[in-house]
């Protein structure tokens, strides 16, 4: 099971400033629990940090831990969002997963936490 | 006739969270009731689930059931919207059909249900 | 002269629903009244229907009737908007013409009627 | 079964000239004989005519006759090639089918007849 | 010096209607006053006309008059905006210049006049 | 009927040099003799001049003369090729027409004259 | 270890015809034997069949069997080529792997077997 | 260390006008303090000037001074923002850095200062 | 008149090696001798050097010297080719000019000198 | 000075097979010896290995060693080619550098070694 304790954070270097961080991971893969076939997607994280920021290499390893997990699109999206919120407690966070087509249908799921910052 | 009972749903795994699901089906085809020639299009579904989500494979089969149906663009769009609303009762839903050109004119029809979520 | 009586309409099949129709005609041509040279453009119609919708083939023939008309960009745009409004009396309508470059300058003219729908 | 007798031809208007004709049909669909699911693809025909050319509307109807046929990619490609060669007896012909992805794999099959013309 | 008197106008054919005109000139060139090297850019004009519209050929000649002018990006942008506002007195006007890269840096300057129209 | 006498030529300024001229006309239109509907396409001319080159404005007017002509794709292509060959007697010439889709099928016809130059 | 016995073949339906088959698998992943991190790539197979063709679903499962294999780019490419040649004995075969960037460097490896067919 | 005193400014030529300046520097590079490997990115500056504008060549040299600096993404973004705000005291400023992928993850960081202007 | 003496050369640093140099100048402008309007184009130079290479800044200034020259497309192309051949005496040279559209027609002229190198 | 001894090689795993390796490095930078400003480019290596292949990480470090080197485009290209040929003694090698624009001119230099393989 993906291990949220992998999500190390570091202290936000500019906690009193208005800024937004985005990380786009193009190489996400997990396994469909129904068919056993691999799923491939992109995971886009956007957030306005509060006291801490997620460390990039730890985040990469956390995403890699889904590689052989049998898990649905919706669960992937909500799990990553919840784990990141628990680890960082950000002001605002948006987690989007974009999945390659299956049976001619491409899917995208967007989960948010907190209020959208004024403009970024 | 397309059979809305094909639209199986599953329980929303995060009913108390703010999130949006999008499914893009690039391989939709139906038949023009006037000329008998096939129409080709893309069906884009976006919704904010309430208690249930539409099951992806059932949705695919439902869309395939239009294959030999003689039906106008407007009716396709409103029928899919109405059937999905009846099956899921979502907080918000937007159904867009994009049709390949006929006689040099491309068409897009967008039907909505409920209020747009704050931002997604 | 373009004949607005060509613009046949049919009854809106979902008059109590919130939806928007878009038709993009890539193959519009008329004649510049100053130089006599042909102009080429794209005509994009977006509208929220009230009681009636414009019939697609009739609309195509109406647009073709500008083929040998000597008429300026602004007049094309306002004429099509006015004729469509007169024929359909829609809740909202937006008519955009995009013209291929002349002397290194490309032009786009957008004319509207009624209030923009909340979101589409 | 697709009916090759639909492939009407007309007399090549320039039989003593060196030229090549290409028709790209983006809206081809047939049915997978294994799964029963629809397949979608593009059929590209290129040929150097001898005495006759295939009539475009007849060709379109011929392609539409595959709509509910259960038939593999390879058979589609070789059948269309063979039927066109039988109908037109061209100097050279190349028939390519490009299929949308299934299970993450996109396919293209190219079948030829006769010698490639010097340059086109 | 660019001569604003070149900017001929014609009477707005639909002064009581809500519409927006856009002209994109891809072939603008002036001279850098510092280095003497030519600058190349695109000038995009968008406006909601009041009583008059700028004549397209006159506008083209006006833009060409900058060809051998030594003038900075900011001055080009503000000068064209001011000259057009003086010539047309529009309800709203937006003038954007996009400049090709110099030393690895591309620039864009946007100057406006009046209130943005509701939606276009 | 298109009038080939419009095709004025000028003396090749470098008759003893190896070079190739290409003109791409994106705004060609003629009329389908079967349906009466307009056809739209791009006409691409490539040639290696011998003693003369076709004058660009005369060529443009010649192409415009097809505007209301009822004529098939093949005839357009062969007619333009033949008229240009008669007017210029070039070393090599290639005339390609690309037609916008009709009934989901896009077409391209390429007619040549003379031997392809070694490399261009 | 990837199991080449998964590569089922079926009888070439047109063994006496000149044709080429291409399968593009966008969702290939294996593991770097040095770092333990996943590699992602596209595997493109092109071949001219002799007596047999590789079955598409079996080929997909064969590619999936590399998922947790620690193996270098060169070995992936040569292994797939060799396994396919052993399974099908084709007239000609070309196997290309395209790998996503690592440390700012993207790689592509192309291995071939047999003589290129005249033109495809 | 990057030297903010390099950031020369010039007097805003239109201090009482509503306009926005954007500079996109595609060729930014610094060094990762952890691995010692170079980072590559794009730095996009957008601002509404008050009394002064940053001089373009000085800005370029300032950005080049990061070339051999060991510094994290977040620090690059906040440092440039802070130095520019100190040098120009603009009405509004937005500084975005887009970084090429590392380990399959691309990053973008956006820092702002002041209130967004009404529309640009 | 463009001054070919501006074309300074430097000694080919690898005269006994097989290599090709390409310079693409996107910002070329001259004047149409017929209409007096500016022409805009791209000048692409490819050559295999013999004893000398053209110096890049000198080449840029040489191209800028056409800025206010009234000169036809064909003359621009042949003049640049001839001047470069005279200045460098290369093994092979290809000079292509691509011109922005005039009256809906875009042009490209390609002039060569010497034999094409085996492959580049 | 770049140190060619960094270029470690490993034994070609398939020395008796016909294959080609390509590495595209998008993040190359060196310094212009004339102006002192940084140059940015892409280095594309294609080769058919003989007994050895260049190790990817060693190649990356070798390319990074040009970072603060004052060196011309031509010298970069020929130096990398020569160093790789000395290190690997490949059957065939092609080294291309693509440089971002300077003064509106983009450059590409291609140096080769050995005979092009039959087809790749």
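We call the chains A, B, C, D, E, F, G, H, I and J, going by the order they appear; numbering starts again at 1 in every chain.
Definition applied: contacts are C-beta pairs under 8 Å (C-beta built on N, C-alpha and C of every residue); 3 or more make two chains touch, one makes a residue touch a chain.
Note that the coordinates shown come from a computational prediction; the quantities given were computed from them, not determined experimentally.
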Query - Interchain contact steps from chain B to chain I (minimum; 1 if touching) - result: 2
Requested in this report: Determine, among D-F, C-I or H-J, the equivalent of interface I-J; equivalence here requires over half of the contact pairs to be the same by residue number.
Outcome: D-F
Query - Geometric centre distance via CA averages, chain G-chain D, whole Å - result: 27
Query - Whole-Å gap separating chain D and chain H, where each centre is the average of the chain's CA atoms - result: 55
Query - Distance between chain centroids, defined by C-alpha means - chain A, chain G (Å) - result: 32
Report task. Note the residues in chain A that touch 2 or more other chains, in rising order. Result -> 26-27, 37, 40, 100-101, 103-104
Report summary line: Contacting chain pairs, sorted by label, are A-B, A-D, A-G, A-H, B-C, B-D, B-F, C-E, C-F, C-I, D-F, D-G, E-H, E-I, E-J, F-I, G-H, G-J, H-J, I-J
Query raised in the report: What residues of chain J sit close enough to touch chain H in their complex?
Result: 26-27, 29, 37-38, 40, 64, 67-68, 100
Report summary line: As the complex stands, chain J meets chain I at residues 72, 74-75, 77-78, 81, 101-113, 116
Report summary line: Per the touch rule above, chain H residues touching chain G in the complex are 37, 40, 100-101, 103-104
Requested in this report: Show which residues of chain I lie in contact with chain J when the two form their complex.
Outcome: 13-14, 17-27, 53, 56-57, 59-60, 118-120
